[in-house]
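Note that chain A is present in both complexes that follow, paired respectively with chain B and with chain C.
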Partner chain A sequence: MRIQVFGPGCAKCKQLEQNTRAAVQDLGLDVEVEKVEDVREMVKLRILSTPALAVDGQVKSTGKVLSVQEIKQYLSA
Partner chain B sequence: MAIEAPERTELAGREAEATPAHRSRVRLPAWLVALVGVALWWFVYSNLETAADWLTYSALGLAKQDPFASALAFFVFEVPKVLMLLVLIVFAVGIVRTFFTPERTRQILAGKRESVGNVLAAFLGIVTPFCSCSAVPLFIGFVESGVPLGVTLSFLIAAPMINEVAVVLLFGMVGPQVAGVYVGTGLLIAILCGWIMGRLKLERHVEPWVYEMEAGEALSEGERLRWADRVHAGRQAVREIVGRVWIYVVVGIAVGAGIHGYVPTGTMAAIMGRSAWWSVPVAVVLGVPMYSNAAGIVPIIQALIEKGASLGTALAFMMAVIALSLPEAVILRKVLRPRLLLTYFGVVALGIVFVGYLFNLLW
Partner chain C sequence: MADSCCARTGVRIYACSGGSNVGQLTNEAAKALDGLRQGSMSCAIGVGAGIASFVNDANRPTTVALDGCDVACVRHAFERAGRAPDVHIVVTRLGVEKSHTFDLSDDQIAVVAGAAAEAIEAAAATSAEQVG
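Moving on, here comes the complex of A and B:
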């Protein structure tokens, strides 16, 4: 499984990254959460607003800070 | 009060889904809860001033002429008033924004002619959720899917300038007309400046890699939202935005209260009054490098106007502070070459100066 958090580094993006790590830990998954700051990567995945979360290259959410609970649902689905 | 209602609707939605039979057990219909909530909100809101005066002059027994009493009454009245307005409006805007995702806005704008596109883009800039750190991916996404450059710029000017916090604070602290004027002129600047920059044919001053990005299908519309989700988004907006700005509001009003009580009326007239012709451009030049959020700047604007600054000058200062900032320039530099970036700042600054003069003349 590949988990990516997209964002240029504003407060919201950091929050999403933290929440994602917490969700990964809660679920006991052994994956590294990637933080992607390169805009080109975001454009390739058609992300218009940050922060965004992608699982296995599939964009799950854009433009909002998901709660740990919401992220868990995306990760276990 | 207004935020209590959503909790129940959300619960109601979930229970109904799980076991339809249980729906009858759910206390009250959502609309009734919302109605009672708004009525209660209105009752408290409309009695705040009486309560603040009672507290200051009757309960504490302070004299009417005492500047401290006048400052205290101002503070005790303004803080809950502005916070209540903020909660209600941010909640409502949070719900409205679930209907206008950036993806949807892009779809609407793609393929629009320039003039119509500029007007639409400015209006959509108000209702589309936008954070300045997503300015770059959004800019590329728009330009790449065929939204004209000038139309994209109209959006980028309107989105940060006309934000709900600024409008609510102006409405609550300075007055409904000024809030209306702010929204109207903000739209005008976004529409005109975007249109002018579209005419200037500046496409070649966009960093070339932007156009080299492979164009592809836009993301499909996300999962369908239920009303419970929209209400949830509204509550989240309240928690996030009000949670972030309330401290600025309180500090700003405290400073404003001090000015209200102690600084004599007319102090600002000489520097920022209508007669000083140079005050508008100076206000804009000072405002551009300054960066403050709306919550911090409005109480100061209110105090300036009260002490004799003219409306046009004060609005121009506020627009320059909110709409143009150095951090934004740094972000946009990734996609705009220096010449286009300078043109962008120059045209918008000129637009703001123009609006400042216009209002000093008319008011």
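Moving on, here comes the complex of A and C:
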């Protein structure tokens, strides 16, 4: 599983990253959470609003700080 | 609109939006950068037409001109308005060959948007140094 959090680095992006790491820990997953700040990578995935979350290359959410519970649902699906 | 973040204020982006692949790439890149809050897309044609509100905006930092090719219509529009853009990107210099086709790939849009984002970041850093 590949988990990516997209955002240039503001407070909301950091919060989504923290929530994602918490969700990974709660689920006991042995995966890295990758923080992506490069606009090129965002545009390639057609992410036009940040923060954003992608799982295995599929964009799950844009422009929103997901809660830990919401992220857990995406990671369990 | 979604609850986005990371907004970069005071940056205006102008695309040539010309009748070629590279012209249209500037338009797509400008829209992407606007969506990612790297700046706010404005109207290059308004600057070129000499419309006061656009010319006034074009004379305030930070302006980003995206030209498809070295004809550089946006840069010339700015110069006619009295000021060179703070950031100037030319798509053909990024390795995209100009043609009269409109099959634009996400990778090409990403190349242009990425180059502009890096230049905007550098301009912001320079501006911050001058203020500091």
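Observations on the model:
The rule is simple: the second predicted complex is superposed on the first by the 77 of 77 C-alpha atoms of A that agree within 3 Å, B and C clash if a C-alpha of one lies under 4 Å from a C-alpha of the other, contacts with A are read in each partner's own complex, and residues count from 1 in each chain.
Convention: contacts are C-beta pairs under 8 Å (C-beta built on N, C-alpha and C of every residue); 3 or more make two chains touch, one makes a residue touch a chain.
All of these numbers come straight from a predicted model, not from anything done at the bench.
When the two complexes are overlaid on their common chain A, residue A:L48 makes contact with chain B and with chain C alike. By the touch criterion defined above, A:G9 reaches both chain B and chain C. Of the two partner chains placed around the shared chain by superposition, neither chain B nor chain C is touched by A:L27.
Contact with chain B, but none with chain C, is seen for A:V59 once the two complexes are overlaid on the shared chain. When the two structures are aligned on the shared chain, A:D38 is found in touch with chain C, with no touch to chain B.
For the contact definition in use here, the residues of chain A common to its chain B contact set and its chain C contact set are 7-10, 12-13, 39-40, 42-44, 46-50, 62-65. Within the complex formed with chain A, the residues of chain C that make contact are 1-6, 29, 31-33, 35-38, 106-107, 109-111, 113-114, 117. Listed in rising order, the residues of chain B touching chain A in the complex are 101-103, 106, 129-131, 133-134, 136-138, 140-141, 144, 209, 213-214, 216-219, 222, 236, 240, 331, 334.
Contacts from chain A toward chain B in the complex involve residues 7-10, 12-13, 39-40, 42-44, 46-50, 59, 61-65.
Across the complex, chain C is touched by residues 7-13, 38-44, 46-51, 62-65 of chain A.
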